[in-house]
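Structure in structure tokens, see below.
A, B, C and D are the chain letters, set down in written order, and residue numbers restart from 1 in every chain.
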Amino acid sequence: MIFKVFGKKELPRLFDVIAVNRVVGPVQKGTDKNGSPLHTFGEVRDFAELSLDYKTTILSAKRFVLPFHETLCTFRVTENGWEKDVDFNVRGPTVFFGLHACDINAFNRLDKVLMESVYPTPYYASKRKNMFIIGTNCEPQPYCFCRSMGTDTALHGFDLFLTDIGDRYFAEVQSATAYNFLLQIKTADPKEKDHQRYMDVVAEKNKKFTAHVDNTDLTKILDMEFQSQAWKEWGDKCLSCGTCANVCPTCYCYGVEETVDMNATGARKIKSLHSCNLIDFAEVAGGHNFRPERHSRLKYRYYHKHRGFVEAFEESLCVGCGRCGEACLADITVPEVIASVRGEGH
Amino acid sequence: MDNRLPLVDIMEEGTHRRHDDIGSFEYTYKAEIMNIYPMTASEKLYQIQIIEPDRRNRFSFQPGQFVMLEIPGVGEAPFSISSSPIRHGFVELCIRNVGNLTGFLARMQRGAQIGIRGPFGTQFPVGEMEGSDVLLVAGGLGIVPLRSAILTVLENRSRYGSVDIVYGAKTPSELLFTYQYEMWRKFDINLSIIVETPDDEWKGPTGFLTRILEDRVAQAGANFAANTYAIVCGPPVMFKHVCGMLTKAGIPMQKMFVSLERRMHCGRGKCCRCNIGSTYTCLKGPVFDYWSIMNLKEAI
Amino acid sequence: MKVSCNVNVHHLTRVEGHGNIQIRIRNGKVETAQWEVVETPRFFEAMLVGKNWDNAPWICGRICGICSIGHTLASIRGIENAFGIVPSEQTRKLRILLKHMETLQSHVLHLYFLAAPDFLNLGSVIPLVEANPGVVKMAAGLKLLANDACDVIGGRRLHPTRTVVGGFTMLPEKGQLEAIKKRLEAAMADLVKTADIFRTFKIPAFVRETEFVSLGSAKEYPFIGGDLVSTDGVRKPEHEYRKMTNEYCVEQSTSKWSRLSRKSFAVGALARLNNNFAMLHPEARKLSESFGLEPVNHNPYMNNIAQLVECVHVTLDSIAIIDELLGSKWDEPRQPVTPKSGVGVGAVEVPRGILYHCYEFDAKGKIVKSDCIIPTSQNHANIQHDIEELARVSGDSGKKDEEIELLASMLVRAYDPCISCSVH
Amino acid sequence: MTQERTYLGVPLHKPKVAFFELSSCEGCQLQIVNNEATLLDFLSLVEIVNFREAMTERSNDYEIAFVEGSVTRADEITRLTEIRRNAAVLVALGSCACFGGVNQLKNRFHDIAWVKKEVYGKHPVETEAEAKPLEAFVRVDLKIFGCPIKKEEVEKIVTNVALGRPVQHPKFPVCMECKANENICLFDLGEPCLGPVTRAGCDSWCPNSRMGCWGCRGPADDANVEQLRNIAKKHGISAEAMLDRLECFGGFASHVDEIRGKAKAKKTASAAKGGVNPPSSPLGKGRRR
């Protein structure tokens, strides 16, 4: 890997170099009742709009690859036949400016199922292939447990990763394109003291994690504790509202609905992200519901993320960003649920 | 310097080298309803042909597999192919009118254009079964996917040992493919049919399907188990009873196959609707051996 | 010479709510001439009792589907007056703008979809869809513009979601306002066309002198708050609205009736125009004059034209307001609210006339008592007397039953009554 | 347009439809007229034979009756029964028709005499003791939820009816749509919201405007109301504010009864009847009118 350092003042210049493309980054969406800022990922035209010191965004960047609603195709319907027009809904490349490691890893994990396994999803792949990602380092929050999930650093899946080492940025350069961009601002090769500063920053960060998930033997434990009373208790609290899945950077379940236009000469097929917590998620013809109870659906989300996905891809589908626990009104958080299922202190 | 990033077209780039990759995901073959045969009050058999000759000829499937049938603007849903894989050029789907898509389909006419994606999913191991005895158990609509296997066995009758079909339905009027029973029997197939609620004309046995099954298990004795493949299709409640019973009778779990039904939107292991844990029914199933099922929570 | 007639309209169409017209003339003598309101009461004033203050605008907006924005704003004003809250200049402008768009929406709906069919001898606008799609499209376009603007400012065209005591929950984006402004500018041409169309209609010549009540202002054509005035020279402050309305119950109506200096009075576009003609936008005033509509006009059918004039006024005024908003930075959308005990009145000019909401609160901000007086209920008595007069003159004129029925129906429709609202 | 239209060979049914209103603000019907952009397409899908708010012609020959409003007076029961007799399909249009809507707020006093007096003083008026949804009197085939109804939803429903497709409402709550719209959760702003328990389909109309949901579409399937109340409490939102919302449109009536029942049980026998007691002495002695 190639490393570079550059002064903080160079960052806006880098932005300007890149901003001939569509840029998406963390922006402030509003403030909560205590006046703390709330961030989201949004389109940015000016460097000043970026809030690179954000903690976590309320929603992940998932929607840029998996929109909440996406028209998969349209139909032109004639008297007795039809023509189908498929559009992957990509209009151009997008630069992501300021993703944290967990969110970069989230994309990497989604890739495994949506792009790297058999039958890649073209809608996802076409967006994913048109991403240019600039990562930035972050400050662990009380709800972050990415370190437990092995996602506190991003090893790949970005073009450039910037770590704030005080007066300058330490840059990991992973693509030629990124290198070319950097050529247009003032950079230097890192010195020994930059390396040291980088390691200090990382060590400092590691000390700050307070939330943890014990993944030891988790796939087996989830299987063993399938009937655990803990599920029932969480299920009683759960609102089955789907919020956890919607804010999650890696939940990708969806439903499809087809509608006929009012003039009856056109139709469309629309995909909407769903959640396995929704009551009719596992309903089949004849009205049989495989998971009619709240707790069984809640359990399934964990079962899929922390067991099924691990079995298939050797790692969990959860990246420990903590968004779901933060967004859940019922305070259902991954560390607590897993601890309780493991029989720890619940 | 031009800093604009190039637009990557995945159709040209590595990910989707073959057009058919996307084809299988979102490419729907245009197909025509050739014939419609009403079977019961709520089921009809649809004979469907892919319109483009080239694609039609290339289309092949195995018993147990399914297709996604799409009516533009109305919906798309999975249906097991009910015809024999040897009969090229068309597929037969036996479809029960239960709701949106199936309701609209029931009002469509011969010649109407629909869409087909597939075939998808795993198959019944008809090849592996050669040389063995075969026990086919169907409850209700379960006969639909099973029929493809039945026809395959019939067409190669000499390659199989004894063939038993146990088929149960709620009432005689709900029995499917009645016109074919004679023909099946001619091929030295032991076909037993049972209904839960008889009507005036019904002369056969009544009760749950497990009743006949118990008799057959008792009849076959030890010999039955070792050399037998079983396929079980039907509603989820049936699996537990039947598979449990057959396991007890000694049929090895890995020689017993079931076909599961889940909601499906993609058929490609992406929408998660058919997931059991992280096991996609559309990719690893719908046909599973019973051992795999035992290892899946809430599978049946 | 016609001596007998029997007109019986059960559930008059193309008006909001349920009302009946009965006219019976025998041997030249008017036996019955009656405007009955048979709408079911919903008891909004009782519903609110015991509820917290913040329920009122949300619930009271539901008094009327056509002018829910006006109801919401009147309710909010009543509460703000009770709590001593003065809206910021930004809030005031946005509210007026929202109000204007509701007025435009409602007037266009009335002019084209409810009133015009009468002049064209049609039962509804539907035949026009085939006969003259261009005009229908234009009318729908105007309404859509106004409705879209309501969405942008109030969150929703019907039962708005952003309007709250203290201001707004959220502000529109400036780009959205700019887009609305462009559409408003383009809409002027359509309004001119509308005027041309209405110029071809024959407005029945009918005059009955009455009193006209509305908000009155020397600063602007008034829509939200201020003094209450009448063409008979009465002037009252907002909180003395009851001295203006003097509600009482009558047999023939589930809605209450009102009176002031005479046996009845009228509110609505014509009343506003009669009282505030000088405050109209010059273009609107010119248009009014071109129709021979100048104060004080006593032909109730001219209310249609007054609505048309107001459409032009609100469109032009809205463009000016948007310009002002675009020229300044956004302030906080909403100010904090501290409830306190007291009584507050909100008077707002909604499309059909002046509307009052009045609430009494205890110290915690719970509603102890409430009162809503709806424009149409103030108009009912006036409609009744107009019908009587119409019966009298028609009885002498030798008109056919159908003609009288049409004239009477048109008369009631001219008031654009909102009947379910008047009963609430 | 006399020639029959088809969709993929299946005839498009052009039903004769009629609109009626009982006690309501007529806003839901207005929403239909508010279909400006698609009005013409709408009119090509149905044949409107009765729409008092917009047309003079009327007919009793209709298949689908859209009935807005709740039942509050005896004559409305008669009208409704007659509509039911004429219509093959009766559609409850809007929250008033589905649940009683805001009109049912008066029911909470369980004292119609007081309610009447509060508004009309001594003047006699006729009204039923309680405002009720259509379902209390006739069979309802289809419900269109919302106060007001969402025109996009009506359009979809009408298109489906023309195609002969069943109409399905979302079973999940408003939060789903709210998140998809990337709103800041109202609870983060310290405001009450019924989104987690209310049936979706409105595209989180109110939260999109930073107004917490009032539950106008009634409960989602398996709504966890009990838990939402605990949550609200934890967020410092008063039980009363939640109750105000739950009882606003009538969709949560059974939950409200339960909550009030519990509250009453706690307070022992002081309240004679269930529900809220009307204030014993209305402030400002006597009626002002």
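Going forward, contacts are C-beta pairs under 8 Å (C-beta built on N, C-alpha and C of every residue); 3 or more make two chains touch, one makes a residue touch a chain.
None of these values were measured; they are calculated from a predicted model.
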{"item": "Geometric centre: closest chain by C-alpha means", "value": "D"}
{"item": "Comparison of B-D and A-D (more C-beta pairs in contact)", "value": "A-D"}
{"item": "Chain whose mean Cα position lies farthest from chain B", "value": "C"}
{"item": "Distance between the centres, which are taken as Cα means, of chain C and chain B, whole angstrom", "value": "65"}
{"item": "Chain A-chain D separation of Cα centroids, rounded to whole Å", "value": "38"}
{"item": "Centre-of-Cα separation between chain C and chain A, whole angstrom", "value": "51"}
{"item": "Cα-centroid distance, chain B relative to chain D, in whole angstrom", "value": "44"}
{"item": "Contacts with two or more other chains, residues of chain A listed in rising order", "value": "77, 80-82, 259-261, 274"}
{"item": "In chain D, residues with contacts to at least two other chains", "value": "7-9, 163"}
{"item": "Interchain contacts (touch definition) - all pairs", "value": "A-B, A-D, B-D, C-D"}
{"item": "Touch list for chain D against partner chain C, complex", "value": "21-31, 33-34, 36-37, 39-40, 43, 48, 51-58, 72-73, 76, 101-103, 105-106, 109, 114-116, 118-121, 123, 125, 127, 131, 147-148, 205-206, 208-211, 214, 240-241, 244, 248, 276, 278-279, 282-284, 288-289"}
{"item": "Residues on chain A engaged by chain D in the complex (per definition of touch)", "value": "29-30, 32-33, 38, 40, 58-59, 63, 68-69, 77, 79-82, 236-243, 246-247, 259-264, 272-275, 278-280, 294, 327, 329-330"}
{"item": "Footprint of chain B on chain D - complex, ascending", "value": "7-10, 163-166, 168"}
{"item": "Footprint of chain D on chain C - complex, ascending", "value": "11, 13-17, 40-47, 49-52, 54-55, 58-59, 62-66, 68, 109, 113-114, 117, 123-126, 129, 133, 140-141, 143-144, 147, 155-159, 161-162, 164, 169-170, 242, 247-249, 254, 256, 360, 368-369, 371, 420-421"}
{"item": "Touching residues on chain B, where the partner in the complex is chain D", "value": "71-74, 99-100, 103-104, 107-109, 111-114"}
